[in-house]
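By letter and in written order, the chains are A, B, C, D, E and F; residue numbering begins at 1 in each of them.
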Amino acid sequence: MTDITRADGRRVDELRTVTIERGWSSQAEGSALVSFGGTKVLCTASFTNGVPRWLVGKGKGWVTAEYAMLPRATNSRNDRESVKGKIGGRTHEISRLIGRALRAVVDTKALGENTIVIDCDVLQADGGTRTAAITGAYVALADAIEWGRGKKFIGQKTQVLFDSVSAVSVGIIDGEPMLDLAYVEDVRAETDMNVVVTGRGLFVEVQGTAEGAPFDKRELDALLQLGVDGCASLRDIQAGVLAPSGE
Amino acid sequence: MTDITRADGRRVDELRTVTIERGWSSQAEGSALVSFGGTKVLCTASFTNGVPRWLVGKGKGWVTAEYAMLPRATNSRNDRESVKGKIGGRTHEISRLIGRALRAVVDTKALGENTIVIDCDVLQADGGTRTAAITGAYVALADAIEWGRGKKFIGQKTQVLFDSVSAVSVGIIDGEPMLDLAYVEDVRAETDMNVVVTGRGLFVEVQGTAEGAPFDKRELDALLQLGVDGCASLRDIQAGVLAPSGE
Amino acid sequence: MTDITRADGRRVDELRTVTIERGWSSQAEGSALVSFGGTKVLCTASFTNGVPRWLVGKGKGWVTAEYAMLPRATNSRNDRESVKGKIGGRTHEISRLIGRALRAVVDTKALGENTIVIDCDVLQADGGTRTAAITGAYVALADAIEWGRGKKFIGQKTQVLFDSVSAVSVGIIDGEPMLDLAYVEDVRAETDMNVVVTGRGLFVEVQGTAEGAPFDKRELDALLQLGVDGCASLRDIQAGVLAPSGE
Amino acid sequence: MTDITRADGRRVDELRTVTIERGWSSQAEGSALVSFGGTKVLCTASFTNGVPRWLVGKGKGWVTAEYAMLPRATNSRNDRESVKGKIGGRTHEISRLIGRALRAVVDTKALGENTIVIDCDVLQADGGTRTAAITGAYVALADAIEWGRGKKFIGQKTQVLFDSVSAVSVGIIDGEPMLDLAYVEDVRAETDMNVVVTGRGLFVEVQGTAEGAPFDKRELDALLQLGVDGCASLRDIQAGVLAPSGE
Amino acid sequence: MTDITRADGRRVDELRTVTIERGWSSQAEGSALVSFGGTKVLCTASFTNGVPRWLVGKGKGWVTAEYAMLPRATNSRNDRESVKGKIGGRTHEISRLIGRALRAVVDTKALGENTIVIDCDVLQADGGTRTAAITGAYVALADAIEWGRGKKFIGQKTQVLFDSVSAVSVGIIDGEPMLDLAYVEDVRAETDMNVVVTGRGLFVEVQGTAEGAPFDKRELDALLQLGVDGCASLRDIQAGVLAPSGE
Amino acid sequence: MTDITRADGRRVDELRTVTIERGWSSQAEGSALVSFGGTKVLCTASFTNGVPRWLVGKGKGWVTAEYAMLPRATNSRNDRESVKGKIGGRTHEISRLIGRALRAVVDTKALGENTIVIDCDVLQADGGTRTAAITGAYVALADAIEWGRGKKFIGQKTQVLFDSVSAVSVGIIDGEPMLDLAYVEDVRAETDMNVVVTGRGLFVEVQGTAEGAPFDKRELDALLQLGVDGCASLRDIQAGVLAPSGE
């Protein structure tokens, strides 16, 4: 780590200000408005008793996610995907990533034949929307599971979540590995990576892409370490918000 | 007016708590997060220098609107229109209504060859989403026009808005005309009406529908009066928010 | 009322020539080819024993409508919505309006678990297509109900229609309220309103829009009166066509 | 030919009653409401000065056609293709057939850089809708060309149509070749064929399909002869309608 | 027949080199990679026990086909229909043609309640793709039926195929009827025809289109004869490939 | 590495039989039919002089890719995305991955204002389709660049490709890291990773996903090493095929 200072004054290994407003929605069974600096994502969890047809009778539940961005979340307006009549590749890809990340910490047998759909809608985008979404979605998911327990769709002592999960972006800018890229950093990054890590520090997903020059093993290791440490901080923030005194 | 008390304790001619958080978005040229009780709509205004091809060279600007609802804005989750691949009739209808309402107070010649797109995204729905959207959209629009003035796309002394505009729902429940229906009231209403009224008290739009028994002229008049009075209150709230001290 | 004469020689409170050719189709259970001057709409009613899945077992029937325009109904050709792959907002909006108008006079319990779909296809358009559609659709609906009675899907003495329904457009042109606008009038109207009125003279729907200057209560009242009177004439024409001697 | 009598009393080599109501539409540059017995197709021709981008500057015009059926043209209602969001294979196939048939008699160089779109909308279907459409479309096309001549988009002495074109269905039922099948015949036919023939008796299109048993050369020859003779009668009806005294 | 020599050295009545690689796919129940000169089509047959809902309980099977072309099968790249979000008319038309051709030789009662879907994907296109597809599809179909017999979904002695089927294109170029047109010939043809003929020499489908000048009966007869003879050769190639020693 | 033997007899660090049939297509400017065991992907490269509108005048070229699978490439048939009318998330994701992988070794300035579209169509799927696609696409790309050079769209001495690129899948099965998973292995893998590596051994993309238990750093390192070694072998195969003597 060097003592380079970033545009917003952060150290290279420092997260932006992260806040998680648990229970933002009065309609959903679980919800969180998560902010990573200027990135704001509304995560809602919808709990339904029952599963999709293809899972009926298997004694397992289903957790899935959908990601979308409001048209003016970004600096210039994007056409709505509903108006275009189709969902773009990026949207699909991120929705699938969030779903996989959450399922990695869910015991679907313990969930029973219940379905939880997590919607992650980006209200404002400033880099790292998918990682903020995963981090907030976990909180909404945890609350939806408790709601299901309260309604007796899930047993009182059944442990559905066997770990927590969070995510953060890391990247190499001007040769320097950095944590939690803001948009102005993201567009300049030579290598861009998202890591999804459990509360216990294990990897769920590692997605690294050379946007400019390809990267070597040493750079990859540095990025992974930054990501693992960043996720440990996010795990603590999640735990604080979900703690009884955090409500 | 009778002294009937409503489920949430309001008088029949009383608005819900209305708040308008001006400048909610740091990305858009104008924005407002408007709440009518539990209904919350994020309105962003996107200003672009230039007009759609079919308007080029006519010396006039263009104002349009798009309305949408997050999938879990409501009590049970709705599939995304982007996933379904098409926009429903209700969404289309409301987008068109909002656009017409705003254009009714805009001097498009004064706006010059500039385009303003207003996005109204319902984050949480509890009845009256289209009227809240119009009321908040006006604030976002006013700020986007000032932004354009600051950028010299609009002349310093040009009056683009010649009036303000707001909207409210009214309806007849158990024979009683009421103002600003919450969702539980809306589903029970025999007649449901939305009125869009300018700051000077003139009608821009009147849309009344008998959901149950058809209505007579006397009932229609009572509803219109409630609506005009409600819009006068909304106009004052808009003016307060937009006043220099309201920033 | 003034003695202004309109482009086609009508008085301001005069309908265009209205004809309803009952039973135009030899395929549908009910049908009518309705003309309001140059506007011609083919209305067919399709009767099906049974209801959509979401209504099964509730002892109620379902009436719905679809509106569409042939590509060359208008002065210049419009692309087909089937070719564009999506239905426009205007089409959706009018289909919903026609459906609501018809359901307002139908006792769905008396209809029993039967479905009637009314298709209103504009063969030629010269203003007022939605109001002509409602007026003709009522005749097609009445005949489809009688067909269902003949087939014993509806009891011999059951009264399904408790009133009739018709619709007409009204508008303000050069400050003057006028009845049943032709296309050349419609494009010039400052205010445009559609009223849907039952045979007994009650309002089912009132949709008024300021296309130019907003309107005041006095103008609104004048338009409503013109509309109510126009619908009374349309009701008489419907009754004449449906009378046994009218066949 | 045998002296078999058909369900509707016709001889095997007899057309149904064919009528062509020229100039049915007051909006289109050419139009015809054509009936082959219970089959009724509204054909409108839309003339535009100019050609699609890919033809610009080649000194040639463009003629194309679109075919569609109203949802209740048939005995039971079909969902609208605009509602389904896509056009079926049958619709596509027939639209292409009509376009090819018309282009076979048009000198596109003589037409100049003008476009004519023919819309064929089936208002009522009782077999042979595509052949009725071609037969009516020719009349609408001829009138649209004359309209273009009147507007000086086409030279006064330029011959754009070098022949006429019509079409008829033929088929084998119970081993017997028959002309112009009504719907009840069409569903029973072992072989079904559509022939498109010019006024001079040349083939533009021959489309024969074994719906049941495959057919041999002798049967094919019998069907072709019936079709050629039927088209000769249709050519005479077209000529009568288009003759100056036919207006 | 004249002794004209074609661009590729063939006689006017000569097929291109035809090869059928039976069992190309290790995944499908039946498959064939068919080549007609430079045209290469991969045909796979998917056998499913059971039928579509609308056929259940009728004791009959279902055979259907889908045709598509890879984007760079042709000399210049075409956009994917999946990317465009809709299937073109040509694709639909050919899929329907292949399905009809195959069903003409299948005894669907003998097939029992089983479904066979034939996919014909054009890997490389040089004219005659639809006729190569039909010819190859028959081989894939025959193998899928044998697969079903091996799995006891079809009785050991049940004859499902009562004839074979193949197809070839014919056309008139510079006034000369020719067999099996390559792409460079196809674009120059005045008349283009596809004939689908059974192994016994009966017609299943005849589709002739005048691309340039209309054609007369004598020309039609010459084309039909060329087509029948070409299909006889294709039948022999199919039989050779399907013969036990052909494996 | 252990001496575990896999279902197909391979060692854990052994590739399947890899073949690359260069120039398979006679239509495309570059092409390769690549096989990784039972996985067969046809890669075609389409070279166009010029760039998409948004790149015009920037002096840079464009390389993009589209991936798709034939409906019966897999063990059971999948519906066509063209028939469903939309592209699935998986297809989008892989198309984007292939495009990024290729662009990582292309100097777009050296390419000049030319566009190369690589189509990767999976003819048969047995695991690792995306990695086979990248590996074959590089060969097709290299040939398309040479084609462009031959046509003088690219300078004779300009180096457009500054490295080669290939890809392979790795995964952990029963706790054992393995190279190049076949389908039966892929479905059982606890962790699944795709690595895209340049000829010089640098990473372009690393995508690892825990399908079962999350993975730790040691496992990640083992997988990366296997992937780097596998890509080195693929690089040698590519080089052999592209070498002058390989033609």
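Methods note: a residue touches a chain if its C-beta (ideal position, glycine included) is under 8 Å from a C-beta of that chain, and two chains touch if they have at least 3 such contacts.
This one's a predicted model, so the numbers in the text were calculated from it and none came from an experiment.
With steps allowed only between chains in touch, the distance from chain A over to chain E comes to 2. Relative to the C-alpha centre of chain A, the farthest chain centre belongs to D. The pair from E-F, A-F or B-C that reproduces the interface of C-D, where over half of the contact pairs by residue number are the same, turns out to be E-F.
Taking each chain's centre as the average of its CA atoms, chain D and chain E sit 29 Å apart. Averaged C-alpha coordinates give centres for chain B and chain D that are 51 Å from one another.
Chain C and chain F have Cα centroids lying 60 Å from one another.
Between chain A and chain B, the centres computed from C-alpha atoms are 33 Å apart. Among the residues of chain C, those in touch with two or more other chains are 85-87.
Shown here, the protein chains touch around one cycle, each chain meeting exactly two partners. Contacts from chain B toward chain A in the complex involve residues 25-28, 31, 38, 42, 44, 46, 48, 66, 68, 70-77, 80-87, 91, 117, 119, 121, 123-125. In the complex of the two chains, the chain F residues touching chain A come out as 86-90, 92-93, 95-96, 100, 104, 163, 193, 198, 200, 202-210, 213-217, 220, 224.
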